[in-house]
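I've put the structures underneath this note.
The same subunit A turns up in both complexes below, where it pairs with subunit B and then with subunit C.
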Partner chain A sequence: MRDPMNPDYRPMRLDEIDDSLQKEIREKCGVDVEMCMECGKCSGGCSNGHVFDYTPRKVVQLVKLNAEDTLINMDALWICLSCHLCSDRCPSGIDTPRILDYMREKAYRKGVTTRPKIRLFHELMLSSVQKSGRISELPLIFKYNWMSGQYMKDAILGLKLLLKGKLSFHSPGVKAKEDIRRMFSGSSAKRTWGEP
Partner chain B sequence: MNIAYFPGCSVHAMASEYDRSTRLVCNSLEVHLEEVTDWNCCGASAAHSVDHVLALELNGRNLAAARRMGFDKITTPCAGCFNRLKTAGFELKSSGLVKGDIPDVMHLLQFLTEQIGLDKIAASVTRSARSLKLAAYYGCLITRPRKIAGFDDPEQPGSMDRILRAIGAETVKWSHKTECCGGAFAASETSIVIDLAGQVLEAARQAGAQAIVVACPMCQANLDTRQKSIEKDRGIIYGLPIIYFTQLIALAFGHPVREAGLRRLLVSPLPLLKKSGLA
Partner chain C sequence: MGNRTKTAVVIGAGPAGIEAALKIAQAGFRAILVEKEAELGGTLKQLCSSFPRWEDPQELLDSKILELQACPEVAIRKNTVVTAGTPNGNGYIVTLSDALNAQSDEVLADAIVLATGFELMDISIYGEYGYGVYPDVLNALEFEATLKEWKLGKGKPPKGVALFKCVGSRDRSKGNPYCSKICCMYTAKQAGMVKELFPEAKVYVFYMDYRAAGKEYEEFVREVIEKRHVRYVRGRPSKVLCEDGRLLVRAEDTLLGLPVEVLVDIVVLAPAVVPRPTTRRLAQMFGAKTDEYGFIEPDRFNPVQTAARTFFAGGCGFAVETPLAQQQGAAAAANVIALFRLK
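Presenting the complex of A and B:
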């Protein structure tokens, strides 16, 4: 049927859609998006949905539509809080945070992000884990604020926390450094979380 | 009773008052916490965000260390560590990557309610928290996702409420028990925290709570350290102390304010606690 308002419209033919991403997600993440009934409970509850470009329900639809580029370039990928509200309320048990983790990992490997500051924080955090096996909060936050060019961010708050004895400069790391080193140079994928 | 204990990086450093009060409470309840040998960071939330295998390996090492110590249960006071450890255990088991038993991960709240029991907690109270009206805030990761956490009700949990009532306090009915506080974006995307933690503070205020009680160092940090900015953003003065549930139990058990680390909180709970006779 022709739509007079939209002459280019034609009904979508399911057999024309490539389902390779859907299969990939099923294989790699154990998540079957075919179970989605589009009820929207995930997006209704989503903690950060009001600022997402694509809500969880749309994310599931994008997987069905094989829209890998859209998924990799979207903002929601980086500002999802992983609060698991969507997956917890899903009547079909679809683990959307796992899909997002998987797509974010792909985006990361391609060097794509809409939120360079969030990516920088992830990198600095992992480089701290790589170095000592644990996180030292104060050096991490100092380094992050410095490298993201926010030299005075939280300076007063930092001072208050320091006075409360909340920020320690030194925290002992893991003794078995070789264990940590092995994890970061995993054979399956070479990981480098050194200095970004 | 002995149990493996995983403090985690936050509880070890910035939230050391949570660690201290946890140890005080467990000591009074005759629970011996055995710190997991040479534990490493759980990776939350950077590792699972960009490297799934790394997230599994980091937590697999911690679970293996607890198993080598001969424990079949491990408890952690941090909701982030709890979620990562438990998820890794779940995945390693269901994928068949690890043979044999994997220690069961319990959040401290679950351990105290299920393994120790409210009766024992109530019996150890020497100073009742009577007259305190509190909002029990669980945050997102203690009860979610339900198939992995396997504890309490993910929408309207009640375990912390019951503990607080067992030490004499009153708890309010409110809407934001398991809403997210903004989690790991405290430093990297502060505006998200101002927005979400602001909603939590507002809900607690509307429910008439005098303080918010938490069981996660991230929730505490976001609600407490960002409260001034939230007040500025919303034009409302909240002045709500954000107290760890273990700190309140420690006070009710008769431990002094200094030992429970209450002076380390930014919004001071001392005026409120003095008025109610707990400090």
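Presenting the complex of A and C:
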């Protein structure tokens, strides 16, 4: 949030904060942050919470405080695994990963990230899905290691997996290529994941 | 005492006292309902709305007063205080003083029901909140009056209101160590009322936690937060300052660990519920026990009895919400009736 070392630092003024982000999240993500009871169950179980700068509970708080800048620039945006433990266990049914997805998209469009390699991985993975409708694991790993300059990353593990037949050089694409094309062309906005 | 109809003196005509007097009379005994004010109703009369159903307390009061009027066995004594109680055989001689006519008379009582209610702690000792200094810092009962005015379309609409809970409660330094129990709910109600009357107003409730233990209570508070959009900020405010004729509240948002400020027009403090000084005096008169604070202490095995012929109900025992005051009034009446029926 604000830097206390800044000589112009003033405490946050609640009455000057509007609820535009809160409304935006409600409209775009269907998530009502006012339902949060601030119990912290989301953050207690978060699989990466111990390394987050802002835990899921704080993410919800930040939305209430209209702190869009903080949300876009935070590290948690990129190291969240989207495992959905937080939303699965939330007693109020708040879909925190949906908020993070939405903010990640915003950060991506602005070109901001605390973890360029993770963003690169996202890009490569999605381009693989766009091409074949599947993730071709081995080509993805090679590409990622090459482009991020970590040539030998996970090489031994990868070799073991390969020998056990857990990784293959080629994965066949899906049949419904047209659906994939539509998904990436943006027309999928009419559909949401999980719905029939 | 012969075949005279047995009589109970009920002191205090709030929801607890009214209920006790009604039930005693409806069971065929006499009740003298003593009220120091000019009107019946006690604290309930001052309230603007109720939780958890947003009902008008005046409707409840009006219906109870109608019931009282249909009950000739209840003698209502307004503007009257009990000035003396002398043990007399199996009862008391009670001196009633009429404040208006400066007269007093004596009545025979076979049982006493104390229903003197509670009052709010004097919170001017918290200099940091400026109660008694800034006219727009109100206590909760004063704010009920403001809400009544607003409801009638009078007064200036506020742009911002901040409500503080636990002022003098859960305070082992200057206040009381106990939780006053009703503040969480009435504060939610008051905050929700402001949003109902002025949806554009920004309303903040500063809290340590909200204790909504009761039927429909949790749902009520959630409605205030989620449907009426009252902002709950976790943290006990530390200072109220005057800034440009408005009030600046300083607190910490303890959920984020950040100091925060908010500029509002009105600050409402929810003071600790404390016993009235008269309760202690009356308790001594009628052999009742009081605890370290001055609330009536019950018998070990009877929660509405405190001495052989002395019962109590409502806020003089501890902070209660209206339905509980009524329940205790009815329970005290049941005890009085049982006592009167003893051969």
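General remarks:
Throughout what follows, the second predicted complex is superposed on the first by the 165 of 196 C-alpha atoms of A that agree within 3 Å, B and C clash if a C-alpha of one lies under 4 Å from a C-alpha of the other, contacts with A are read in each partner's own complex, and residues count from 1 in each chain.
Note that in this section a contact is a pair of C-beta atoms (placed from the backbone, for glycine too) under 8 Å apart; a residue touches a chain by one contact, two chains touch by 3 or more.
All values derive from a computational prediction rather than experimental measurement.
Set against each other, subunit B and subunit C differ in how many residues of subunit A they touch, and the higher count belongs to B. After overlaying the two complexes on the shared chain, residue contacts for A:110 are found with neither subunit B nor subunit C. By the touch criterion defined above, A:12 lies against subunit C but remains apart from subunit B after alignment on the C-alpha atoms of chain A. When the two structures are aligned on the shared chain, A:165 is found in touch with subunit B, with no touch to subunit C.
When the shared chain is aligned, subunit C comes close enough to touch A:58, but subunit B does not.
Of the two partner chains, subunit C is the only one touched by A:35; subunit B is not. In the superposition on chain A, no contact is made by A:23 with either subunit B or subunit C. Using the contact criterion defined above for the overlaid structures, shared-chain residue A:177 touches neither subunit B nor subunit C, since it reaches no partner. Put simply, subunit A uses no single residue to touch subunit B in one complex and subunit C in the other. Across the complex, subunit C is touched by residues 1, 10-15, 19, 32, 34-35, 38, 57-58, 61-62, 64-65 of subunit A. Residue ranges of subunit A in contact with subunit B, taken from their complex: 47-48, 51, 79, 81-85, 87-88, 93, 95, 101-102, 104-105, 108, 115, 117-123, 125-126, 129, 133-138, 141, 144-145, 154, 157, 160-161, 164-168, 171, 174-176, 179-180, 183-184, 186, 188-189, 191. Residues 9-10, 12-14, 38-41, 43, 45-54, 57-58, 61, 83, 140-141, 144-147, 154, 178-180, 182-185, 187-189, 192, 195-196, 225, 263-266 of subunit B are the ones that touch subunit A when the two sit in their complex.
Note for the complex: subunit C touches subunit A at residues 160, 202, 204, 222, 225-226, 229, 231, 233-234, 250, 253, 255-256, 258-264.
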